[in-house]
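Just below sit the structures, each encoded as structure tokens.
Shared chain: chain A. Partners: chain B in the first complex, chain C in the second.
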Partner chain A sequence: MRRTLKLIASVFLASILNGCVQKEVLDDITLIEGIGFDYIDSKNILGTIVIPVYLPKQAPKNITFSAKAEIKKSMLQDIQRQTADPLVTGSLAVVLFSKTLTEKVGILPLVDPFQRDPGVGSGLYLAVVDGETKELLGGNYGIRGNATYISNLMNHNIKNEDLPQTNLQWFLADFYQEGKTPFIPQIKQIGKDKLKITGISLLKYGKMVDFIEAEDMFFFKLLVDKYSEGLHRVKIESGEAAVRSIRSSHNFELTKRNPMEITIHIKVDGIINEFTGQELTPKNIQELKQQFSKDIQKESLKLVQRFIGKQIDPIGIGHYVKTQTRNFDFNNWRENQYKDIVVKIKPDVKISESGVIE
Partner chain B sequence: MFNFFKNSEKESLDKILAKSADFKCLEYYNNKSNISFTLKFLATLVDEKTIQDSVLPYLLEGNFKQIEDVKQIVPLPDIKLSEDISQIEDMIFNGSVLLTVNGKDNKFCFLGAKKEIGRNISLPEVEFSVIGPKESFVESLDQNLNLIRKRIPVKELVIEKKTVGTLSKTKVAILYIDGITNTENVNTVRQRIEGIEFDEITDSSYIVQIISDNQNSPFPQLLDTERPDRISAILAEGKVAIFVDGSPHALIGPTTLVEFFSSFEDYYLNWILSSFFRLIRLFAVVFSILVTPVYVATLSYHYELIPQDLMSTLVASRRAIPFPPILEALFLELTIELLREAGARLPTKVGQTIGIVGGIVIGTASVEAGLTSNILLIFIALAALASFTTPVYRIGNTIRLLRFPFLLFAEVWGLLGIIVCFCFLLTHLIRLTSLGRPYLEPLYPPRMQDLKDAFIRLSFDKQRKRPFLLNTKEPYRFPKKAKKEKKDIEDE
Partner chain C sequence: MNANVPDSKKISPFLVFFLIHTMQTGVGILGFQRFIAKTAGYDAWMSIILSGLVVHILLWMMFKMLKIANGDMTSIHTLILGKKIGKILSSLFILYFSLYTVTILRSYIEVIQVWMFPELKTFWFALAFLILVIYIVFGGFRTVAGIAFFSIVLPFYIAVLFIITIQYSDFTNLLPIFDHSVKEILLGSRDMTFTVLGFETLLFFYPFIQNPEKSKKWAHLGALYTTMICIYLAILAFGFFSEAQLQKNLWPTLTMWKIIKLPFVERFEYIGIANWGIVILPNLCICLWCASRLAKRIFSIRQKTSIPVIATLCLIATSLLSTRDQINIVTDFTAKVGFYFNTIYIPLLFAGTLIAKKVRNRETHS
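== the complex of A and B ==
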């Protein structure tokens, strides 16, 4: 009897704790799916959020709210005054920054709140917008809402094309990793209902310092990411071929110390998607292979030289050298060693398939 | 024994019996041997045709001089001479005819002429299986025991009989195989059945509840079955079976939780198939218990967990609903429970109609009226369907009940609450025993060797060992196969 009483009492006492958990019933909250930040002046920004309004058997309607503010949280408070239900960040999918803002102010103070919010997933995509984010978020893309459209766009380009792996987690990891420069993709609105990934922005201390064009993204991905999948056109005398990389890996090797010399081995497994020439003979394939290797070497080296010239390091050479060196001094590295480093690229290309019908 | 009737000692048996209309006391006279005798019996219990055909002609015309002659002249198998007056009451109520020779009251004879009214063996209705035998137990104890004796024709099969219930005097049979079953288990059953103090035991369900280790548990601690094949199989495993007169369900003990999810058809299918079906059934049970609580928890607390693609479907279906998820879920769960109760109480034909009316009309109407979301309706219907896959009806009821505490905990603390409730459930299950043996075995205590016939069922050649749980006297079911040795080249 006493035991039963104790049980009942404990259940009742436990139910008092009910108030300790905050209830967020799905239909009584406003889900923010995307946030955009635009530049107003050196102290103020314009924040825009996009929320989907789900309608039965229809594509969700995108509604945007904007507010001028100093930092992100106060911007949300301002928007809070415009919405019927409390705003929650739990299903946030993308955060966009306008190009002007990234160049002039930097995105660090704006990203900070997201890494502290437990509701925000680390798979959140960050991106720079060529133009105004307010305008971009105001468009109507796809059938699943704007933010989902943007995040799907990035997701599939990372998986199947030449956009390197990127999200909040990767951004922060790169940012906190000394000897590595973070990068995020750049998108642009090219019509009322169309978007495009235009390239990759490189951010030094949160500010955009360089931009990689879409044509170079294939080589950039070879340098920074594993399992690069992308398409590259190779020209030889007898025609032009489209080679799709199906698997790739890159390895660093510290070949010399004084002066520093780094060799980057790039392994690519490719298949030939199309060929414009007459016939694809084994000889042609051999030529294609060599040409592809040459292209990789030339273009990658060009990229690396450009990074060294701009004193940025998205490939993480500094980080790699640090792992190989005792008592590594980053100041010395940044000021002296990185400038004079010699980088060699050694591509290893394999063409594993050239079509079913020979 | 506790004497129920305070005044029964004061009045004589004849006087009390004479109050009943079916008591007959008939006097006869045998002309040949000049002897008068009396037959006393209860007409409702005795087959009067037997008296007319096989008793009276021989007593009236035969050479009947004294009571001892009855055995020679009456062609009945069950004739008992006695001088013990205390037996009379018992025998009369068991359908015997009391024969006394007038003037010599101290010696008498019982003639067995029991009237058997019962139904024939029919198809199993609760545990139907497509493959396998189609007979099931009936209410008559003797008929049921006959079914078992036929399946295990060995002298080691022991049938002990007990009588329980001060009013009902129900006959209970304890079955086990001597030399296999652990005597400890048999003793426990015997002791508990002897200890039953209740007036009217009408069914084996009474016995389950009275002799279970923990009467305050929603979990049944003895398995009940209506299939003779199941009983004979578990007897061979080393378990104890309990039969109750008047009940078509026999009891099995000790049992484990997992056994409630094994259908006997599992043994008739190939082990790969039956293992797969068992896993599906277990999944169905977990699904059935958890799906609504998880729905409520996610929608009230953890919207972050909902995939983006599902969001639009979920939110759009809930937009117009005026209730919080918990009320919505409780409303639908209660509707389903009502339907089930109504379906179970009504006659079969009306019951079917109720199912259709309830399922289709109420479901569609409540969605159209905007009272519930159609997604939850699908979940609840699936959960109800999943709970019907349990092969033992009794555990299905337990699962019905379990959903509600989970639902309340989910409402109070979200997913954390579901975990808390699960911890309560697990603690309870770990403490539970069946005839003193752990109920959660082979999960806890972990017994690897008993896993061969728990969540999956391995092939029969892997089933050499009897369950470790039962601690049987003879641990092996068949001799070990001799290893095939390769012939040496020189031997050839």
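== the complex of A and C ==
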């Protein structure tokens, strides 16, 4: 028995020694946190990566490396030749594309490696950059590194403000979903250490086809997100109020089939944050409520009509109709039905509180 | 040729729950959503229910057969076909379980190689893992059952963690219900059966159950639990992925983990895949145990001798499979063999047993 034990132990030791895989010690690798892609010409792209370098008792320093290449992996290979430690994509948080690139080439071939690489999390943010990504990543934002700053910026805007849910997973799910157009946010550098979300880019087959301005994002979020929050300014005769939607939901309803008619019920539960008029009377609140409903109805309908005109569908009306129809024919939908669809918006606004002042 | 087992080596009836459930959940559960959705689309959750029902019927048949034969698979074979042919047929199952071991082990190593360590050597990992398996199987069937118990209790928290993905899901994907024909749903349930195979091991460890009448309930509960877990994972995956996206992912269950980010670990898959080692450990143990038990029953070889021999053969076969295509061929083959064994051979055997019983009864009466 002793001998068998010894034998087993030695074989086990041998297997441990030989079966070792390559070590990756955190101090000896370079963690890429952000990647940006810029357009050079129809064949080549310029890739920029940003890595944080942690220094004692200081904010991490952002270092960028750039390389020209045809596809992403060869770009990383080129950058490997520039860095002291091996590059690892495990903690990638943001991937940026320049606006020119999104308009001319499309982002699909560039997204594929992130989907394929098991080391990359699907919670990372994709964004279009108004300008050059190299320049944007070269700046210094916040105290926790550029990529963390951008991802936090997105994160809190999704949670509390009017940026709709977005990340790699949402993008891919929408892209592969028939009857839905994916979208990603657009950001812009507005100073050496400042960034701003300027709107939302709508991508058809990976190419940018439309852009939603920041003012319309509130309504866009009401249409695309099941639940959303955000702030909207409502104007009435006696003054102007800032209404924060604290809880909102939307529901589709297929009201008629031939011709197709869809009603979107938007339920908003809001509180008044600010009022510039003299006094906030119940009558004023009533008026605000009505005006708010009117705004939602008008602006949302404008957006929907614009999407139908451009033959894109970020709201997922096509997908919704599919879920209500057996043996749904997407070709017929795209060619005939979507053009002629009638969309109605029915807002239901409730203003529940108006702050601590009467 | 004696199926009698001393009481001290038998297991309590409730452990059958764990044995059945653990054998059904292996590497297959990491990627079954894609296969069933290929034919049945997002109506495939109905296919899971159907295949679950089939499993219950088969289990019922098995218990009936085993009760009549009062032994295990070899006793059933002897009862119907006589000693010689019975032995030949039973010995085929040694091959079946060896193949099963190779499939599970190699698929798991493939997952590790793709998701975590591309440079991991198949041979060394398989060797280390099989040594552990041999060690457990040497402990006897009671130890194997104990490992089965832990393999379900310990990684249970993983099933709960999947709830995190709900916030990224759109469950309207599942609508409209019945968008697929009955034929497509049936085909889907055939594909589903590949995933929930493994309950046939009951035919081999039956003599080791104390009070087998009581274990019936637990076996059915085990199968029911598997069906529930599969429906749970399938519905979560169908909500999480759009249909075309699901077809792109080889291991949807693992891909879903990519969205989970915990404060102390960047990527959850690493914990999940490592934990999966515990999940497949009893599968290998049970397979190897069944193979060696059969060798003992048929050829009267001591299990202490047969286990290392079978394990070595499995080790060689496992290391010979190097590409994804080869692995797929072997996996498909095992799945097909298992499928036909369970859905065609067992009902035939069941009919055979009933006839054999009738004939015997007549003989004793006359």
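Note that in this section the second predicted complex is superposed on the first by the 340 of 358 C-alpha atoms of A that agree within 3 Å, B and C clash if a C-alpha of one lies under 4 Å from a C-alpha of the other, contacts with A are read in each partner's own complex, and residues count from 1 in each chain.
Methods note: a residue touches a chain if its C-beta (ideal position, glycine included) is under 8 Å from a C-beta of that chain, and two chains touch if they have at least 3 such contacts.
A quick note: this is a predicted structure, and the numbers were derived from the prediction, not measured.
Q: Check the residue A:327 against both partner chains and state whether it touches chain B (first), chain C (second), both, or neither.
A: second
Q: Touch test for A:52: chain B only (first), chain C only (second), both, or neither?
A: First partner only.
Q: Figure out whether A:238 sits in contact with chain B (first) or chain C (second), or with both, or with neither.
A: neither
Q: In the superposed model, which partner reaches more residues of chain A, chain B or chain C?
A: It is C that touches the greater number of chain A residues.
Q: Touch check for A:148: first (chain B), second (chain C), both, or neither?
A: Only chain B; A:148 stays clear of chain C.
Q: Quick check on the superposed pair: does A:91 touch chain B, chain C, both, or neither? Answer first, second, both or neither.
A: both
Q: If we overlay the two complexes on their shared chain A, which of chain B and chain C does A:319 touch? Say first, second, both or neither.
A: second
Q: What is the contact status of A:249 with respect to chain B (first) and chain C (second): first, second, both, or neither?
A: neither
Q: Touch test for A:174: chain B only (first), chain C only (second), both, or neither?
A: In the superposition, A:174 touches chain C alone.
Q: Could you tell me if A:121 is touching chain B, chain C, both of them or neither one (first, second, both, neither)?
A: In the superposed model, A:121 contacts both chain B and chain C.
Q: Shared contact residues on chain A, chain B side and chain C side combined as an intersection?
A: On chain A, the overlap between the chain B and chain C contacts is residues 15, 18, 21-22, 90-91, 119, 121.
Q: Can you tell me which positions in chain A touch chain B when the two form their complex?
A: So the residues of chain A touching chain B come out as 14-15, 17-18, 21-27, 29, 31, 33, 52, 54-57, 60, 88, 90-91, 93, 119, 121, 144-145, 148, 151.
Q: Going by the contact rule at the top, pick out the chain C residues touching chain A in the complex.
A: 114-117, 119-121, 124-125, 127-128, 131, 135, 168, 170, 172-173, 175-176, 178-179, 240-245, 248, 254-255, 258-259, 261, 266-267, 269
Q: Please name which positions on chain B make contact with chain A in the complex.
A: Answer in residue numbers: 298-301, 303-304, 306, 308-309, 311-312, 314-319, 321, 324-325, 412-414, 416, 420.
Q: So in the complex, which bits of chain A are touching chain C?
A: 8, 11-12, 15-16, 18-19, 21-22, 90-91, 115, 118-123, 165, 167, 169-170, 172-178, 180, 319-320, 322-328
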